[in-house]
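You will see subunit A twice below: alongside subunit B first, and alongside subunit C after that.
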Partner chain A sequence: MLLREGQFRNPSGCAVTGVIDRSGKGMTGEGMIEAISVMHDRSNGLGGGYAGYGIYPHYKDFYAFHLFYETRAAKEQTEAFIARHFEIVYSSEIQTRRIPTVTDEPEIFRYFLAPLPRKLANSHLDEREYVARCVIRVNSEIDGAYVFSSGKNMGIFKGVGFPEDIGRFYRLEEYEGYAWTCHGRYPTNTPGWWGGAHPFGLLDFSVVHNGEISSYDANRRYIEMFGYRCTLQTDTEVITYIIDYLVRKRGLTLSETAHVIAASFWTTIGQKDAAAREQETLLRRMFPSLLVTGPFSIILGYEGGLMALGDRLKLRSTVCAERGDIAYIASEESAIRRIAPDLDRVWSPAGGEPVVFELYGKEGRAQ
Partner chain B sequence: MNIYIRPEYEVVRDENRCIACRVCERQCANEVHRFDPETGRMIAESDKCVNCHRCVCLCPTHALKIVKSDDTYKTNANWDNQTINEVYKQANSGGVLLSSMGNPKPYPVFWDKMLINASQVTNPPIDPLREPMETQLWLGRRSAAIERDEKGRLKNTLAPQLKLNVPILFSAMSYGSISYNAHESLARAAEELGTYYNTGEGGLHKDFYKYGKNTIVQVASGRFGVFEGYLESAAAIEIKMGQGAKPGIGGHLPGAKISADVSETRMIPQGVDAISPAPHHDIYSIEDLRQLVYSLKEATAYKKPVIVKIAAVHNIAAIASGIARSGADVIAIDGYRGGTGAAPTRIRDNVGIPIELALAEVDQRLRDEGIRDDVSILVGGSIRSSADVVKAIALGADACYIGTAALLALGCHLCRTCHAGRCNWGIATQRPDLVKRLNPDIGYKRLVNLVTAWNHEIQEMMGGMGINSIEALRGNRLMLRGLGLNEAELRILGIKYAGESM
Partner chain C sequence: MRIDATNMHFADLNAAVRNDSEEEIVIENCIGQRYIAAGSSERHISVIGTPGNALGAYLNGTSVRVEGNVQEATGDTMNCGSIVVNGSAGDATGYAMRGGVILVRGDVGYRCGIHMKAYRENKPAIVIGGRAGSFLGEYQAGGTIVVLGDRRGGKPIIGNFCGTGMHGGEIYLRCEEIPPLLPAQVRAERVSELPEDVRSLIGAWCGAFGEGAAAYLNASYIRLVPNSANPYKQMYTDN
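After this line comes the complex of A and B, so read on.
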């Protein structure tokens, strides 16, 4: 019997792409579908997904949970759990469109939630930590239920299939957001579980990733010390937790986080100016177990921005581009050219060099 | 009545090759070889031979070899020759059997039952000849608060750490148990390699204070040679609670090895056995250990990491957890195969547990309790090759102590007779005529060669796994698979069986 995602470690190759309009204007998900379709051969039909930011303006103050349910019992159990911890402002099944190539979908629900004030106060937790812990509990304790999106004014849409089909399945042309990321998956195993598709998200962080990291178990065993449970056993999951830990829990900036995850080599650090040398050495000495080695290129989405980051040896390609207010990130330049043939600037960031695109006037707000 | 015991090994001389040059006679401190003027030939007394191979190595015509004796008592699977002989020896003398170096018994070696991963297709191996391959690391406490200065820059809130260029240190071997020249070789090699050697519990010879920044000084239950200047001179201080070769008892240095110089360094009388107390008499509990840790930190103004060294014993995980909460910066764990200059044979061969299992348990326990970052883990006893180092780090060690391997590099042939003080290789002796056989100019270079070679091999194996920093290997147990291990062993080691997927 084949094991399900999470019961074994499943490395995969992939295509990633992202776009942000820094003026905050909305775009539908159609552009992303168009871009990722060019990189069709970088996926193998076993996973595709999207993250859209700014898509729920009417419910922007509420946590938007997206859930997969495999059984009625799982749904009942989860809804009881949610009701114990949150006020449910609105809930419904997520509207989808029948696509012949997308099959075996679970029940897919969406909830807009506010933590119950008394429950939150009694927990002595910061609100985001409270929500994160609830997500981790559902995912690790309720069999057949999976929270795959949990941020405010953002949403993840994913499933088993080619990414362009998954995009149409979720009717992404009906959503408008200022930023989108997209992922096409090429897993080297065939579990066919919807929860295993990407992006992976926690609160408003979402990560799409291409690569297979060699530091996985070192990273996993370290991050699990801090309450995270790597139930999916994927690189994307552990990288998301690392970013959440460093940024949200420890208060590092995105650039500092990049210097932990994709730290410069000691020899390179030695050649930097005194201030940079001191800061980067300190970060490597404090968080050596969060250094990620092996090939990866990721796009991190968060409220107000996108960050592209590649491994320090640059074993996976990443291309960035700008056209007016709009910035693009993709595994291949062709994906960008497909949706924006004329660009002001196109470049390939160096390995380990973070590239951050944020809404104007809201820079440096990742937390 | 003393029962005659036939020697276990016999000296065999090829008379056709021997030129009676008497090199063997001059080289053997055990007086095995002698020239017979009547026949003009060399004679060997195998009874005195410890099988250190000094004569074999130095014979200019390669006329000598040492063979295992084929003399045997009636074969008995329960009472083998050695067991019977030990009964005879004890009936002869009434004494406790004494041995040296690590446990030689045929217990399983778990290092040899673990295999290392390599990249194929889905991610690339990295070529250390063409790409950077980092083996540098920092040892010590890593958990620290994030604080920023007025410009928003991170402040250095870290406790003192040790920087290592290689994940290998030389483990504790005291001046007294080994020679001045052996210590000088270790100190100079540590300096050149960018790592550390460890004084052991014998104090620090006044000539070696200049190597202080590459020296770890030990504070053991005997407190030999401990004073302010000693603590001040070092890069780090190690409290020795126990040793893998003899858990539960203190150090043993036979009086024969306590020369004038050793006496001065240790601050004890010359020629008298130096037997350290089994416990530290100011440490009868974990809270007492905390007091000593902080006393040493107070004495050195919180500028040096404190290491606590323990022998691998049954309750190791809980003990390590206690130590991690006692203010120690590094825990050093010594496995039951660890070497020694002298230990009661029964203790060496029967007490303690394998370092592989102890390490796996400790690393996992500290993670379960969320305190793995409060301490680094050093392991030794015994690390025999670069592959052992890679496996230890993948199980969760920060770095490895090597002792026996370092002595082998200096010429030791593991004759396991250090306690006699007549080491023909000039290592485990204080006799000036023997000590001078070990040239520190050559000795230090051989140590540098060994560690450099291992480091290259470590880099090759890391590169194969697609890992280019030793820090990304630490605790990366998915890089290991077991072979020939049972369920309990796999569970304790926290690894999968060979053939099981990721």
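After this line comes the complex of A and C, so read on.
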């Protein structure tokens, strides 16, 4: 039997891209499909995916769970678990389109959920923590079920295939959101699994990632002390949990988070002015086990914004660009030029330098 | 010949270039196609748009001019010929270059000119109009890199770790002060008079982009060369 994600380490190449209209106007997922098609050869057909923000305006107050089911038993068990913890406001199979190159898909369901008030009160947990724990329980305890999206007014769509095909499979032309991210995967020694595709998400955080981090086990050992369960052995999963831990649980800003996971070399910190030096030194000392080393370039999506971040040695490329209200991020400039030939500004951020694009009037609201 | 690269896969585009008998080729609407002009000799290729990675890899005598920005690994291991970029360049420009010239009007990304080497008459050269990212000339073994430092917007002319592990060749920076924190294996000195070959490289850059040469030739330069008294030992372990 072929080994799957979670049973061995899975290094990968990949392409990432993202777009946000900071005025909040909606756009369909087609732009991302078009952009990622330019970087087709960075993927090998074993994974593609998207995250869209602002796509469920009619259900924006409910947690949107997207689930993969491999067996009927997994579905029954998961739905019983969900019913014990949430009010199910609406549920249905996610509409897909037959694509010849997209095969062996699991059953894909969507639920809009509100935590059961009494259950939530008895748990003595903050609502988001309650939801996050439920997601982690399904993913680590129910065999054959996988929650791959769990935020409000956002959704992840992913699978095994080239990203262009996965986008058409999920009919992304029918969704409108103010921000999107996209990933094309190039796992080099895996059969590929639907749950192992990117983006990886928890609550409204989603991460797409290009690279191969060398600190995986150090990061995993530390983060699992705080209730997270790394079930997939992928870099992206552990990076998502690190960001969730630092931003949601510890209250760090995105820029502080960047200084933890892509901390500058001590010599570089030493050149900075006193305030920055003191802050970056403090962050490196507080969270040394969350320093992520090795090549990575990620795009973090969250309610209201996107952040691009690369490793401090810049071992993977990232290009950012702006045209009016719209901001773009991609592994290659050509992907941006395909959907926006004329740009006001295009630049490559330095290694470890976060670039944050947020909805106007919502700046700094990464919580 | 003119080739419209719209919706063309890189393999088809490069086959069209290779199979064309004309010396002059213009590629229009270029969008992300990799390996353009790779290994090519005795052609003149103009590219309009945004070529993909490894433009002019192993270039062997062809001259390439790009109207637009280029991505990663431009001129990777190129042998001879020229690449002129009327825009900026991504990471690892001129990686392991063995000969020829790369002229970039704007900035270059990280690791420009790393592992450049020279042998007898083969002396690679890169002239950068703007600023260079970190690791410029890392492990440089030969050849010449010139950074002119235009339009820096308050940022330093080079990033961190310039010339780490450098053991040959030279880097010229058009600036007044020696940049701080150069690695110990690099010796920095003020240039009293630019050597003739560097003047001619700067002249070629000015000619390629229609810039007046005076401001660039009559300026203060810092030269970086390997400090043979203090050879390279290690970088990554002491993080």
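The working rule: the second predicted complex is superposed on the first by the 367 of 367 C-alpha atoms of A that agree within 3 Å, B and C clash if a C-alpha of one lies under 4 Å from a C-alpha of the other, contacts with A are read in each partner's own complex, and residues count from 1 in each chain.
Here is the rule we use: a contact is a pair of C-beta atoms (placed from the backbone, for glycine too) under 8 Å apart; a residue touches a chain by one contact, two chains touch by 3 or more.
Bear in mind that the values here come from a model prediction, so they are computed numbers and not experimental data.
Asks: Using the touch definition from the top, say if A:48 reaches subunit B (first), subunit C (second), both or neither.
Replies: In the superposition, A:48 touches no partner, neither subunit B nor subunit C.
Asks: So, does A:265 touch the first partner subunit B, the second partner subunit C, both, or neither?
Replies: both
Asks: Looking at A:335, would you say it contacts subunit B, subunit C, both, or neither? Reply first, second, both or neither.
Replies: In the superposition, A:335 contacts subunit C only.
Asks: In the overlay, answer first, second, both or neither for which of subunit B and subunit C A:38 touches.
Replies: In the superposition, A:38 touches subunit C alone.
Asks: Any idea whether subunit B or subunit C touches more of subunit A?
Replies: Touching more of subunit A: B.
Asks: A:304 in the overlay: touching subunit B, subunit C, both, or neither? Say first, second, both or neither.
Replies: Neither partner.
Asks: May I ask you to decide whether A:314 touches subunit B, subunit C, both, or neither, giving the answer as first, second, both or neither?
Replies: Touch partner of A:314: subunit C, not subunit B.
Asks: Figure out whether A:348 sits in contact with subunit B (first) or subunit C (second), or with both, or with neither.
Replies: second
Asks: Overlap the subunit B and subunit C contact sets on subunit A and report the shared residues.
Replies: Overlap of subunit B and subunit C footprints on subunit A: residues 265-267, 293, 313.
Asks: Where on subunit C is subunit A touching in the complex?
Replies: Contacts found on subunit C: 10, 31-32, 34, 49-53, 69, 71-72, 90-91, 109-111, 133-135, 159-160, 180-181, 239.
Asks: Please output the residues of subunit A touching subunit C within their complex, sorted ascending.
Replies: 38-39, 41, 265-268, 271, 293, 313-314, 317, 319, 332-335, 337-338, 346, 348, 350-351
Asks: Quick one: which bits of subunit A touch subunit B in the complex? Just the residue numbers, please.
Replies: 8-13, 188, 211-219, 221-222, 224-226, 233, 250-252, 256, 263, 265-267, 275, 278-279, 282-289, 291-295, 312-313, 315
Asks: Applying the document's contact rule, which stretches of subunit B touch subunit A when the two form their complex?
Replies: 119, 122-124, 126, 131-132, 134, 136-138, 142, 144, 146, 153-154, 156, 158, 161, 367, 370, 372-373, 465-469, 471-479, 501-502
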